[in-house]
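You will see two complexes here that share chain A, one where it goes with chain B and one where it goes with chain C.
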Partner chain A sequence: MVVVGLASCFGCQINLTNAEAHLMDILSQVDVEYWQLTSSDPMPEDFDIAVIEGAVTTKEAAETVKALRGIADTVITIGACANTGGIPGLAAEGAGYEERIAAVYGATVPAACGTMVAPSAVGEHIAVDYEVACCPVEPLDFARVLQHALYGSNVQQLTATLCGECKRNERGCFYEDGTLCLGLVTRCGCGARCPSLGRPCKGCAGLSADANLKGARAISAGCGIPTGRFEEVLRIFNHGEGGGDSTEARSEREG
Partner chain B sequence: MLYRVIDGSELPLLVEAFLERYEVIAPVQTKKGYAFAPVDSFDQVALDYPSTVSSLKKYYLPQRETLFRFDAETNEVLDLEVEVRPRVLFGAHACDINAINCLNSVFEDARYPDPYYEAHRRSMLVVGISCTPTSECFCQLMDADEARSGYDLFLQDIGGRYLVSMNSVEAANILETACNPRVATDEDRRAFRQATRRRQESFNPAIPDIQEIPMLMDAFHSDAFWDELGERCLSCTACSAVCPTCHCFDIRDVLDPDGRIGERERVWDACTSPQFATVTGGHNFRPTGRERVRHRMYHKLNGFLATHDRNLCVGCGRCVRACKANISPIEVLRFFEKKGAEDAE
Partner chain C sequence: MARTAINVDHVARVEGHGDIHLRIEGGQVTRCELAVVEPARLFEAMVAHRSFREAAYVASRVCGICSASHVVTDLRAVEAIFGVVPTDRTEALREMLIYGSYLQNHATHLFVFAAPDFLGRPSVFPVAETDPVLFDRALGLKALGNELCCAVGGRSIHPITAVVGGFTHELSAAEYLALAEKLEAAQEFAVQAVDLFNGFTVPDLATEGDMLAMVKPGEYPVCDSNTVRFVRAGYEFDCQAVNDEIEEYAVDHSAALLARAKRTGTPYMTAALARLNASWEHLSKTARYAAAKAGLRPLELNPYRNNVAQAVELVDALERCARLCRRLAADEFEGTSVPVAYEVRAGRGIGFTEAPRGCLFHELELDEDGTVLRASIITPTAQNVANLEADMRRLAEAMIAAGASDDELQLRIEELVRAYDPCLSCSVH
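On to the complex of A and B.
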């Protein structure tokens, strides 16, 4: 297995190491051949599993992910940046990417930045077999996905949205007092952790493939939330409306 | 069944007596509502709670329950110690007792007895309490506003005192030891009739009383009404999560972090979940919200009746509050009312 970091805060990789009690248990199921965060050993020529964190923000990164796909049987993306473009993807929102680059770097972009392109999800460049959701990922979610890749699994990937998990936590609802929450359209799986800590969902797990955006916009507007506000929060992790891939594409990949 | 009367001031004694021998689950106030949760004194019990966000089914059918553990390397089933605590569910409303009766008739079906469910149920005493309907309650329309069975004690508030129906020896013994139950007088019975009438009169009159619901469910099975609901549905499964009678589950195997030992677990599932009717090979029998919402309502208001002789909706109103898209059995009743009015024109 190799672990590769693209444009990201490295928080997902760090969070994997935070599963201290289980880290060795998890990693003992694979040979970790390359992981810059933990060792300076170079990338091997051959490997079975490529784990990718981060968004594609340069031509070089786009080449890297294609090369990884060419070698690995299994590609796992971890975290919002890799899955949806995440926070880096905000720079690609609407028009104005070039101006944003200029505003940060001035006339000449330093060579170390590489050839910058509008940030995008890994899945826009190559086929991704498995995604580990959220910002950052939960280490035990990563363990489950890795085990799914290694041994197969009868656990279905659900596209139901978050409100059901929130109700399983026996919580009230943010909309009762007119607070926007993206649980209406965000795919389930995280256990509605933010809402259970008193924070509305911002959609870091990605839009559900079955998200009903039209219905959700109507509900939000009906609770007196200005329309622009819904779009603004949605954009943090889900760029354009196509943040989630289709059920068919996903089930095909997860075969 | 025996009826006795106890004084309101004796109720704490009853709860304290239960607490000596059982874990007591009762309605408690939470930040934004009420929930059933363990209590350790009578003071924590919210006796006159309107309803809870989710129901008592979690004590019969936990959200997640380990069925057995296995060794993933040798493929052998390992021993599993199941600890079931003796519990008292204190303060269940009639609708919720009727909901448990629905679950019982599914999980205690002699052809497919469910040992996990039975273990929970056997360890449970149920103490019901009378209530005042909220504006979303329609249990009377679902024939679930009175609990005829399924409880050990039922406390009917008759003004400062309770008329107690006693249905089990175990609970009756505890009641008799903790309190001084007395025989009901004519005055008590009058107060009981008045309390019952008051409850019956306080249901929300805007929720239509429809006759022959199962027949109408069949007649309007292909109506565009279901497209409308389907388009609104968010596929969130909040409805089934809060519903006291929704009991579908999924079974799956999960491994420990090291991949050596696994657990076969049962988790709540929901027919409003997009993958619910997906079968091997990938075909989904209910691919859209229209089919999923319709299926849920059909099972509630038609399908279950045929095999279990009762509705699978007890009119508790929880999904009415939980669904952001305003989809609920009440909307179905309103639709039938509208159709009826159109017919009459």
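On to the complex of A and C.
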């Protein structure tokens, strides 16, 4: 297995090591041949599994993921940056990417930045076999996905929205006091961690396959939340028209 | 003329992507660069036109290790603009959140990133076999840092509960007391860690640059002072004047902007070592004794000793957090942590904290609706790169003069880079 980081905070890689008590049990199932964050062993020529963290933000990174796909039998992306473009993807929202580069670096971009391109998810460049959701990923979610990849499993990916998960926690609802929460449309699986600690969901797990965006917008508007606010928060993690939802799936869902 | 070059692509066991380029011609160092090739994510530009409500949430994602510091620093910038004064209890919780990230960061850096160099291993994982007791206790300390961040922030990385004016969730008194006991139980190993890292042989090197740290009379502050001190030049300034005192500049080989002191034009180091040099006498008792035993006292200028300084801060963090937990359980702080009421208003403000790797500044400018007009982030690593390059050059010159081999030089340079504990993803942001 190799672990590669692209444009990210490195938090998902760090969080893999945060499985401390189970770390060696997880990693001893594979040979970790390359992991720049934790080891000075060099990148091998051949490997079976590539774990990728981070968004693609340079032409060089796009080539890297293609090269990894060319060698690995299995590609696992970890975290929102890799799965949806995540937080780096915010740089390409609204005002535009080129303007933001100029805002940070002025007229001369250092050569060390590489050839910058608008941020995108790894899945827009190569086929991805498994995704580990959220910002950051939970270490045991990674363990589950790795084991699925290694040994197979008939467990299907969860499709329901976070809202149901949250209801079972019986914490009440943010919409009762007119606070926007994206649990309505976000993929479940995290246990509604943020809402249970008093913060509304921002959608880091990505859109649920059951998401009814049209309905969610209506609920949000009905609670007095300005229309633009829903889109502003939706696009923290879910980019493009309809928050990265494919047009086909969206029209089917929104009927 | 004898020529040699040392090139390391993607230095291992650091957070982010950096390359080392060193060229030596006729015994002279003619090129010495830490090329920061980390992809730019443009944080300062991406939070513009967005609500202040998400500014800290987004800024947290600058860094996976010191996310707690980015959140608290960003909240402080917003609070400086709105004139929010958090309660003592909120301040205590923020301090604990920052210390939690010290435990996480220092334990990860010392044991996962730095120690393999001195143990002659490519990574920490073989240590699970060769020295299982050390491995378990080292990772146990790191896990305790995660637990502390989870307890206060709701998650080990990217805290959930810290918001403008307070916290959205708190532990029970019983949970604080249980945590205090765990923190106290970890103290013994942290003291041993100081001895362990003090025992590793490092080159004799004195940085020529300055040292920058937060200071507060009678304290070893991490998040509740506005005063910054250049330790060697001997002057202080208010964090709101950071742009008048620190100059950021671009170089072609780094996606991170570098920094120097405007008054003196010198590069500088900001890190655990700078904090120790600035506030040594205010370390908690056990930490001060451990530092004294290790011979680590001001003014310590060897950047490799940052490893020992971090180990001393592990001891300090455990002692302070155990005390904070007991005081929180006993309800000794004024007020609750429920977010205080505030009014949104326009203005410009700078948040300042001591992140695990040093001084961190977030500047925000908001309009009357609380929409971000402009943001600027100065991270510890960005400030350190220029000084690190100067140290790399001095080390290389000394080692070449002493007839060191290329392999030896490369290892020592890599160790030096790691001793600074750079976070390159932070530095570019």
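Note that the second predicted complex is superposed on the first by the 238 of 255 C-alpha atoms of A that agree within 3 Å, B and C clash if a C-alpha of one lies under 4 Å from a C-alpha of the other, contacts with A are read in each partner's own complex, and residues count from 1 in each chain.
Here is the rule we go by: a contact is a pair of C-beta atoms (placed from the backbone, for glycine too) under 8 Å apart; a residue touches a chain by one contact, two chains touch by 3 or more.
All values reported here derive from a predicted model rather than from experimental measurement.
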| item | value |
| --- | --- |
| Partners on chain A (chain B, chain C) - clash or fit | fit |
| Which superposed partner A:175 touches (first chain B, second chain C, both, neither) | first |
| Chain B versus chain C as contact partner of A:98, first or second or both or neither | neither |
| After the two structures are overlaid on chain A, angle v-u-w for chain B, chain A, chain C in degrees (C-alpha centres, nearest 10) | 110 |
| Touching partner for A:22 - first (chain B), second (chain C), both, neither | first |
| Touched partner set for A:208, first chain B, second chain C, both or neither | first |
| Contacts of A:135 with chain B and chain C, given as first, second, both or neither | second |
| Chain B or chain C, by number of chain A residues touched | C |
| Touched partner set for A:63, first chain B, second chain C, both or neither | neither |
| CA minimum distance (chain B, chain C), superposed complexes, angstrom | 12 |
| Touching residues (chain side chain B, partner chain A) in the complex | 30-33, 35, 52-54, 63, 72, 231-238, 240-242, 250, 252-259, 268, 270, 272-275, 278, 282, 289, 322, 324-325 |
| Chain A residues touching chain B - in the complex, by the definition given at the top | 19, 22, 25-26, 28-29, 140, 143-144, 147, 150-151, 153-168, 170-173, 175-176, 183-185, 188, 208-212, 214-216, 218-219, 247, 251 |
| Residue ranges of chain A touching chain C (in the complex, touch as defined) | 5-15, 17-18, 20-21, 23-24, 27, 32, 35-41, 54, 57-58, 61, 86-88, 90-91, 93-95, 99-101, 103-106, 108, 110-114, 116, 119, 135-136, 193-194, 197-199, 202, 229, 232-233, 236 |
| Chain C residues touching chain A - in the complex, by the definition given at the top | 10, 12-17, 35-37, 39-42, 44-46, 48-51, 54, 57-58, 61-65, 67, 108, 112-113, 116, 122-125, 128, 139-140, 142-143, 146, 154-158, 160-161, 163, 168-169, 250-255, 414, 423, 425 |
